[in-house]
Amino acid sequence: MTANLGRWFPPRLWPFYGILALLVIAAILAPWIAPRDPNVQNLLGRLKAPGTEVRGVTYLLGSDELGRDLLSRLIHGARVSLMVAALSVIVSGIFGTALGMIAGWYRGAVGMIIMRLVDIVLSVPAILLAIITVAIMGPGLFNVVVVLAFTRWPRYARVAYGQTLGLLNLPYVRLSRFMGASTARVLIRHILPNIIGPIMVVVTLEFGLMVLFEAGLSFLGLGVQPPTPSWGATLSAGRSYVTTAWWIAVFPGLFLFLLILSVNVLGDHVRDVVEGRR
Amino acid sequence: MSAFLIRRLLQAAVSLLGVTAMIFFLQRLTGDPVLLMVPEGATQEAIDALRSQLGFDRPVMAQFADYMAGLAQLDFGQSIVQNVPVVDIVGSRLPFTIRLAMAALVLALGVGVPLGVFMAVRRDHPVSRIGMGFVLAGQSLPTFWSGILLILVFAVWLGWLPASGARQAASVILPAICLSLLSMATFARVARTAVLDELSKPYVRAARAKGLPMARVVTRHVLRNGAIPVISIAALEIANLLSGAVIVETVFAWPGLGQLTMQSIAARDFPIVQAVVLLGAFVSIFLNLTADLLYSAVDPRIRLEGGK
Amino acid sequence: MKRLHCTLLAAALAATTALTAPAVWADANRLAIDLVNEPTSLDPHLQWNPDSYYVYRNIFDNLLTRDDAGQIVPQIATAWEQVSPTEIVFTIREGVKFHDGSALTPEDVVYSVQRITNKDFGSPQLSQFATIASAEVLEGNKVKLTTKAPYPALMGQLVKLSIVPKAVVDAMGKEAFNQAPVGSGPYKFDGWDRGVEVRLTRNDDYWGQKGSFPAAVFRAVPDASTRVANLVSGASDLVVTMDPDLAMQLEAADGVGPRSALTERVAYLAVNGAKPGLDDLRLRQAIAHAIDRDLIVEGLLGGFDKPVGQLLTPAHIGWVEGFEGVPYDPDKARALIAEVGEPAKRKLSFATAPVFDQRIVQALQQMLTDVGLNVEIELTDMATYLKKVQGDPAQSPDMSFGRWSCACQDADGVVYPLLHSSSSWSRVRNVELDKVLESARGELDPAKRVADYRKVQEWIRDNVSQVPLYQAAIIYGASDNLKWQPTPNESLFINRMSWSE
């Protein structure tokens, strides 16, 4: 057990686990640990440098373009960014894996239709789907999740499909089929556990990407609604202040960087462990 | 094998039709360009006149039938707001997209693959560590953010490179660097994994035992065998680079298809969006088909459907 | 492995040395202007957006124009006379030549009017000229325009009527003309690399004030931060669409700075009285009292813009001197909301689009939240936004942000579409108000017109159909040695610019 733990948590990765844990904790406890309300503005205290005190309020990381406390916005932003990424990975992961397994299991017409659908969705630019979704469904945080889930499920479906095909002829799968187990049961009890490793590999790759995608959508004006303090939204607003109020652009960039870096480093490690390279 | 290929080609054609229909109807759900074209305060009569002049007052199915009839004769129609054949507009942007994607691909392969190989062969060498850090850092920043940093450093402070546009040969450098960062990490990763897998195989140990120098083993055998996954990933990355350039093209004002798509969607210039998506779908489906063929060649466990 | 290393290093070195050679991007003989997007069309009768008219207004002359002070002055028409309430006779300038060498005739003027007002042609600008019933050539180089009804704002509209050469347009056809336009303006069309740039060269035979730059180039740079970088690094001489915070950045940089002018664009918060809760006048009044327009202008807009209390700007004919709007009074707003009670607790939607400054929208939301309202911003792309604010009032958002310009500097172009029952831009259905608006539209006596518009502004103030916010400034970034003063009509006339010595 200890050896196993050591394999997953080698000392060189502790800092990354630490960062991730801190950010997750900050996201969960945001309303209690943020020094101020992230949306309260003070138009007379705009663009104040870190440490500035205005009317008894100290802006530890400075104030943003509307005089809101940047630190509080970043703490609440952790919540938005992590939630969007986690939800879209979960939704697209479940949806894509299920469809991929079904396609691999039934093959034939069902498999063909599902896999061609995968091709279709993969071939349409995510941005296009994003704008159309916003235009039809209206804007909002959950619609961002829907956009991301809708554009990303094919990645899981492809992997699940390929893996399922490879498992169909294994003796115990054939046996349980022969014994009359229902399709759902075989898929969940026998196929899923065997393909979950490669699926998790996709998850680790996708999670960081989803954080980036959310930021990109914000940059294009299609992300979460203002004044929701997502890191992507804060960062893209901060681009206009790189030379005049560096903190608005640097701190969310740093947080975003640390989050994605940790997720990617840990993801690489998970991959190595799953694929038996460590 | 050829039966499989024919079937897949037929399916690809169906997919393309599906993409065309999906985009056509989804776009019509988002309205039309008429309100964007008229000045503020235009009267309802003027709005209606323009709408009927552009044919948006007709039933959607009739519009679709017309579009498909045109498409059957390879007529992609006219841009609604620009009054120019779609083929001309897309054709003028395509070379820029290809130029940027190729430059980024060369950068990503040229830096990512050697780095990945080195990281696999000399796991604990400081260069490996630094290289890994560099690659991970590169893919941990949103492109709209790394883009403006590149512009500030290389265009504003150092003055070495143009910040935007496509007039000079050097203009492609900054957007290509920015665009290549994500793919670079992917290549480094895949190359590292492939080489690690190869290195653990018996023939490498045998060669080493015979006293062959490591560098020789790697260059002679490992690289050749490890190239297959890199190539198949490259096929997919090309599709990513071609379609993932929307933000990079916006930041660097690069006149490629990404920017065109973005602007055409915003302007509800349907025929352009339709053509760009169709082109993208064509490339992507073709690349996927290639990847599938490669995949089955690599992994014999997977039998191709219809290939019995 | 070593060898690979060396090759990489060498390649990197070669790359850097090749690039350190000083590149010359700026060219004193050519003015480089960064727009947001490339023009969509250069046919002046086919496209109405700033990125297009910034370019084509240099290629074409208009029937009339405005000088830097904003006064309507002759351009192709040298004089005009109102011969009856519905008829104006224009004298056409002689000796004007199109870029192909042919002479500009009264027939070309008539052709231009007929082309843009022809329904089958499908000009987006049809509504700006729809009151023109006919145009005919008269003896002595004159053209008579007849309107369907008396229409004093016509002169303001004719500032936007570009004159195109009949013979050339007929020969080339609509499609070819917009790609290679021929006008009579101070600059000639030279070339258009799609997506990259539009090039103009100076028209050395121009009849009026000749340009000082032999050539000009317009490029599309969608990202504002990149436009700033281009300006600061010297790659561009003039960039459009800056905001006050980017202006601050420009002020801090060497050799460049912001240029601004107050425009005829009025920013407002529209309140939809057709929606439940908001049909209660007290709630609308509370919204008006909650908004501190001085704070928005001083605190957020850096003082570039100017607060207004009426739905108009001083740049408009029909501006009511000394008119005060609803004053900022948050306590009164809170009291009114308390009076309204339950219906005031509803979540109010507030529509906006990415082209508007999101900081202002958020500040407005905060002000409304401060007095106890529950406001939710709905940011969608421009096409969706327009569809929402244009539809049936009962389906439209509760509130929306807007920045209105009729590009005619006449009150009729602002209040008529925003308030008249017949207009799809209006959420107001009021017969009395319609009568005032109609009477003002056709009134030829300036004093009586202003009196009508005072009634309109009073109606807006008392009924809170809109909360006027400020007269918007337009901010450009320019190289310090560019001599040029922006004007309220948001045009870039290159022949009015030069290098300072």
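Going by the order they are written in, the chains are A, B and C; count residues from 1 in each one.
Heads up, the rule we're going with is that a contact is a pair of C-beta atoms (placed from the backbone, for glycine too) under 8 Å apart; a residue touches a chain by one contact, two chains touch by 3 or more.
Here the structure is a predicted model, which means the values were calculated and not measured.
> Tell me which of A-C and A-B has more C-beta pairs in contact.
Higher contact count goes to A-B.
> Quick check for the class: compute each chain's Cα centroid; which one is farthest from the centroid of subunit C?
Centroid comparison gives A as the farthest chain from subunit C.
> Between subunit B and subunit C, what is the gap in Å from one C-alpha centre to the other?
Between these chains, centre-to-centre, one finds 36 Å.
> Mind checking the centre-to-centre distance between subunit A and subunit C? Centres are C-alpha means, answer in whole Å.
41
> How many angstrom lie between the centres of subunit A and subunit B, each centre taken as the mean Cα position?
Centre separation, subunit A to subunit B: 21 Å.
> Counting only residues that touch at least two other chains, what does the list for subunit A look like?
131, 135, 239, 242-243
> Hey, what residues on subunit C touch two or more of the other chains?
225, 381, 383-384
> Mind pulling the residue numbers of subunit B that touch at least two other chains?
As it turns out, subunit B has residues touching two or more other chains at 30-31, 144, 148, 152, 250, 266.
> In the complex of these two chains, what residues of subunit C are touching subunit B?
1-2, 4, 8, 11, 19-20, 22-23, 25, 37, 40-41, 43, 46-48, 119-128, 130, 174-175, 178-179, 193-197, 219-223, 225-226, 229-230, 232-233, 235, 381-384, 386-387, 390, 404-407, 413-414, 416-418, 422-425
> Taking the complex as given, what residues does subunit C use to touch subunit A?
Result: residues 224-225, 243, 245-246, 248-249, 252-253, 295-296, 299-300, 354, 358-359, 361-363, 365-366, 376-381, 383-384 of subunit C touch subunit A.
> In the complex, go through subunit A and note every residue touching subunit B.
So the residues of subunit A touching subunit B come out as 107, 111-112, 116-117, 119-120, 122-125, 127-128, 131-132, 135-136, 162, 165-166, 208, 212, 215-216, 219-220, 232, 235-236, 239, 242-243, 249, 253, 256-257, 260-261, 264-265, 268, 271, 275, 277.
> Per the contact definition, I'd like the list of subunit A residues that touch subunit C in the complex.
Where subunit A meets subunit C, its residues are 39-41, 43-44, 46-47, 65-66, 131, 134-135, 138-139, 221-222, 225-227, 237, 239-244.
> In their complex, what parts of subunit B are in touch with subunit A?
Subunit B residues touching subunit A: 11-12, 14-15, 18-19, 22-23, 26-27, 29-31, 136-137, 139-145, 148-149, 152, 185, 189, 193, 196-197, 239, 243, 246-247, 250, 258, 261-262, 265-266, 273, 277, 280-282, 284-285, 288, 295, 299, 301-303, 305.
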